[in-house]
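One structure is given below, encoded as structure tokens.
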Amino acid sequence: MSQRGVLNGTPVAVGAAATSRQFSSDAPPQNISRYPIPNKKDLPFDMLELMEEVETKGGFLPNVFKVLAHRPAEFRAFFSYYNELMNKETGGLTKADRELIVVATSIHNQCLYCVVSHSALHRIYSKKPTLADQVIVNYENAELSPRERVMLDFALAVCRSDTVTDQHFLSLEEVGFDREDAWDIAAIAAFFAMSNRLAHLTDMRPNAEFYNMGRMPRDKTKWEGEGK
Amino acid sequence: MSQRGVLNGTPVAVGAAATSRQFSSDAPPQNISRYPIPNKKDLPFDMLELMEEVETKGGFLPNVFKVLAHRPAEFRAFFSYYNELMNKETGGLTKADRELIVVATSIHNQCLYCVVSHSALHRIYSKKPTLADQVIVNYENAELSPRERVMLDFALAVCRSDTVTDQHFLSLEEVGFDREDAWDIAAIAAFFAMSNRLAHLTDMRPNAEFYNMGRMPRDKTKWEGEGK
Amino acid sequence: MSQRGVLNGTPVAVGAAATSRQFSSDAPPQNISRYPIPNKKDLPFDMLELMEEVETKGGFLPNVFKVLAHRPAEFRAFFSYYNELMNKETGGLTKADRELIVVATSIHNQCLYCVVSHSALHRIYSKKPTLADQVIVNYENAELSPRERVMLDFALAVCRSDTVTDQHFLSLEEVGFDREDAWDIAAIAAFFAMSNRLAHLTDMRPNAEFYNMGRMPRDKTKWEGEGK
Amino acid sequence: MSQRGVLNGTPVAVGAAATSRQFSSDAPPQNISRYPIPNKKDLPFDMLELMEEVETKGGFLPNVFKVLAHRPAEFRAFFSYYNELMNKETGGLTKADRELIVVATSIHNQCLYCVVSHSALHRIYSKKPTLADQVIVNYENAELSPRERVMLDFALAVCRSDTVTDQHFLSLEEVGFDREDAWDIAAIAAFFAMSNRLAHLTDMRPNAEFYNMGRMPRDKTKWEGEGK
Amino acid sequence: MSQRGVLNGTPVAVGAAATSRQFSSDAPPQNISRYPIPNKKDLPFDMLELMEEVETKGGFLPNVFKVLAHRPAEFRAFFSYYNELMNKETGGLTKADRELIVVATSIHNQCLYCVVSHSALHRIYSKKPTLADQVIVNYENAELSPRERVMLDFALAVCRSDTVTDQHFLSLEEVGFDREDAWDIAAIAAFFAMSNRLAHLTDMRPNAEFYNMGRMPRDKTKWEGEGK
Amino acid sequence: MSQRGVLNGTPVAVGAAATSRQFSSDAPPQNISRYPIPNKKDLPFDMLELMEEVETKGGFLPNVFKVLAHRPAEFRAFFSYYNELMNKETGGLTKADRELIVVATSIHNQCLYCVVSHSALHRIYSKKPTLADQVIVNYENAELSPRERVMLDFALAVCRSDTVTDQHFLSLEEVGFDREDAWDIAAIAAFFAMSNRLAHLTDMRPNAEFYNMGRMPRDKTKWEGEGK
């Protein structure tokens, strides 16, 4: 898979290189899932390669890779889908927009893993250290632009499985989103409707690193290349 | 993809062969999605191959293939994932069980496409022509076995994005489901949490064939080989 | 009414002739109610006469007659009320409209008996074999006319016991319903609010015949005289 | 109808006699319904007879009679049904019990007419001047006997259109209610599910007399004969 | 505290004088709270003084004073706050308006004590003996002025902890409420959000006197001086 | 007020001294409330004294003091009540417990100010830098002790205005909370039911300092004296 582009959900330091196949968090993984975490030596090469690439570039391996590795075929489909939706800046959605959709819908679903990890990614990409926290509490009075508000209104409609109507598309158009943007917003909300529920199934726990990532000014420099 | 097994969600007539690349429903597809349906000639070969295989075996091409073809990369990830979860009889779940989970969770999400198409598949696989209709109205008083009831209780908990607890696993164990079965049930509920929302986005309409499929006794013979 | 050949679940004008006292479904009735089903020989003449007329004309006796016969006085009031609301084409509501109201409100109340039996009647009267199935899943994206949509919006408002306001009447007027039509819509929704709950009490099960009635083109001819 | 017993829902003063066919509240009725109130002279004899009997015995004519007279055939079915359910002390339910069920379910449905009129009747029949007020606010901490609490738990389950299960019957049996009592409780809750919605349709307003009826000790004597 | 104005929430008979330190309801208080009621002799002087003043003027001591006396410091803060919000006619809100807000929000929270006691106070202040009863059942069809309706719409939005937006203030302005009135409405709704929950904690029971207070015309004279 | 103890809800730096009456955040306060913020020179001495004490000890003045100063009398009652409930370690509740109750109930009410500021205080008092974040997303799978879980179950029951029953007290007793602890838990939940709504009214914004407070290990030392 890696030949058709990087498949991950983590920030990547420019110029980083995979130098090792060691997971940085080699401590006992028993607390991050209620299902077994496979040993690296038992993993197929393509999965291992992906995980190492992600870890090397981001500095640590997000637990979702370890937890979902319990089912290799589903792992491949999951990250293939994830990569198509999240790791791009095409259309009218920045990476920060995409992360904000994940935060707003995942808090609706009370998903610990996704809220903590994707609010970290939002802080990195947006360089706004408090907006995700505001959205977590109440996106209705968060310091959002009108465009962001309409984006989240639609994402939440999809998240709740509301019937989508022409009115939704009209509201999106009023702030500049076209039909392909609408698909992106909805597909992200839909994909995380799935992800949130898999996290509930496995009791997936966020890496400790996510809680504070992107909160301090010094972090901003580090991730600067990513948010574009 | 076809080399690693048939990738579809439709019943397959024993001995059927792909004799043509024509879609049987070549009528204007404008009513099946609010997004454009790509022309066959513009589709990549792998997608076309999959669609023809499905159509040949099942007798018609379910609209979900046409509608999601609007985004080829997402199409591939979607059906790859679908195939891992639905087209198998491994573990403690029959194909009929899997379809029943889809029906019960999709009606919760009020998804027209998934309810109509997967209740058809349930009728075929289970040879029970009315159980899906009962579950659509109210699974709480449908004619379910205790095992099926617990299975749907758990699927609905996942569907609602409830916090999964040890008690859920204990209830499943009492009727014979182990932890891998729990993963299967939850992953199907989670995947259709996504699918239902994509169907809402696109206003995906079920093929006319699905409404009556498997209702009449004569249908039973036809699909007999599939339900195993 | 009997002169225009009624298939119904309603009381019968004096002069109708009972040609047989046999219930066609003389199999043990133990599965259709959690309350006892009275023996025919113990039923008062007026009830028996009504039931025979219904069975003769419709081909089978809907289980609601057998189940509610447990309380003869309530039986009489119930079917007298039912007859006033359902078996007519007066005002702005066709028989098919009335059945659609029953389907849309009964699915809200998750009533197996009423959804299955009245979606059958809707198929017969409307000659639309799939519309009721669509309404069962989600009336918001069913293939309804604007008039039908407003009709169901109001029926659902009544079903939920919303406070009815002048705005409701204005919306109805915009699509051609007057105040008497509004009463009809609301009274049907209100009557089935009761019926749905009686079906829950008794665990009333639909006759097997209802599930497929009106689905096939050949059925259309049979019931053609009925839908007018 | 009157030959098979009094058909009404109002208390009757001992020894009162029908001396006149005049409605005592002959003031303009425009405020009690959003539908027209028929003139007495236009009413069929049987309806008039019933209304006079009720008014003479109770001291005033409850507005529900005037409001529903707009539809004579439905009026007859409604009061026939009402009479079967409410005006009796058979089985395990007193008249006060029946009124309490109406109060508890009608407040759930926010029905002004039914709450105000039936809490008045409950005060009269029960001789408890404050219990209905407590149930209106919150039956969970009202001064109910355990038997009354279970009765209302079941009535509310029916009111919400919950699926009725064997567990409901077991709970009722534990406090002495048999299956026929269960039917009575559920049928009353179901009938008022209908009545509440008809009151919303018509914006039915309670007679001024109901608000204070049965609150003062001197009322107790007056209605003493009724509550048995 | 009494030197800076009367601190209470009860009506005061004109010309009444504190002649005694006896509570009029000296009967065992065990039924008014699930927490102990302190003996008068153990109460600090300022609390006793307040309670006597309230009792003397109103004719009885509302149970909330006895129940909250279990925690003297919290008692002082509670009644100090209460006094600032309720016992005044400043701004655009009459005393009757304030009581109506309490009734409408307390019934939402199903608080027996607050609904029963403050509907009594509303009857006294407004001289409308039935409006509070209507609001208790359903403020949406109660006989409210447009101004009262908007006031309660806002109070209920606050009661539900909705996000307050500029639209709320615009709606209030349309019927004549300025920003300070908005604060008053919201602060009363917020204070009783607290009070209702304290009443649930303690199972606080209303004094018997409240149920009938202000219902009869003769009461109107008695409290006439209070409503201004 | 200061003579009877410090009245505040903010952390205090060891050894800090009040050297000035200047607010440290003298920047325009226009973004912290939709109501005017009074000028310091217009504030009564007691309020000013309290605010300076809080600011000096905590390093900055929490915006709630400025926002509520718009209504001095309510300000006094609010902080007097607050002080009674929060700034103590009496009974079975630590300061960290109290803050956790505020976080869990305020997120239920989607109150930005209270969630952000009190999760900061919880981090300081508990020295657990991530637990509040977990509770914000979903207290059901946060890393809580059984005792904390039962405490929050009860706090949430009060927060939702559930009817409190003996069962609640039994559950609390099983993990060691007595009736006075129950009062404390409920009173905090009730007080913040009020506070959350006042924050919604005023659109109260948290100080920037709160977002990161207590997240970094170096903070732990600083606040060490406070959590006892």
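For clarity, chains are labelled A, B, C, D, E and F in written order, and residue numbers in each chain start from 1.
The rule we apply is simple: a contact is a pair of C-beta atoms (placed from the backbone, for glycine too) under 8 Å apart; a residue touches a chain by one contact, two chains touch by 3 or more.
Small disclaimer: the values here were computed from a predicted structure and weren't measured.
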| item | value |
| --- | --- |
| Maximum centroid distance from chain C, chain identifier (CA atoms) | F |
| Contact-richer chain pair (by C-beta pairs counted) among E-F and A-E | E-F |
| Separation of mean Cα positions, chain C and chain B [Å, integer] | 32 |
| Chain A and chain B: spacing of chain centres that average the CA atoms, whole Å | 27 |
| Interchain centroid distance [CA atoms averaged], chain A/chain D, Å | 58 |
| Chain E residues counted as touching two or more neighbouring chains | 110-111, 138, 140-141, 163, 200, 203 |
| Touch relationships between chains, expressed as pairs | A-B, A-C, A-E, A-F, B-C, B-D, B-F, C-D, C-E, D-E, D-F, E-F |
| Footprint of chain C on chain E - complex, ascending | 138, 140-141 |
| For the chain A and chain C complex, residues of the former touching the latter | 163, 165 |
| Contact footprint of chain E on chain F as seen in their complex | 35, 70-71, 73-74, 76-78, 80-81, 84-85, 109-111, 158-159, 161-164, 179, 182-183, 186-187, 189-191, 193-198, 200-201, 203 |
| Chain E partner contacts - residues on chain D that touch it in the complex | 107, 110-112, 115-116, 129-130, 133-134, 136-138, 140-142, 200, 203, 208, 211-212, 215-216 |
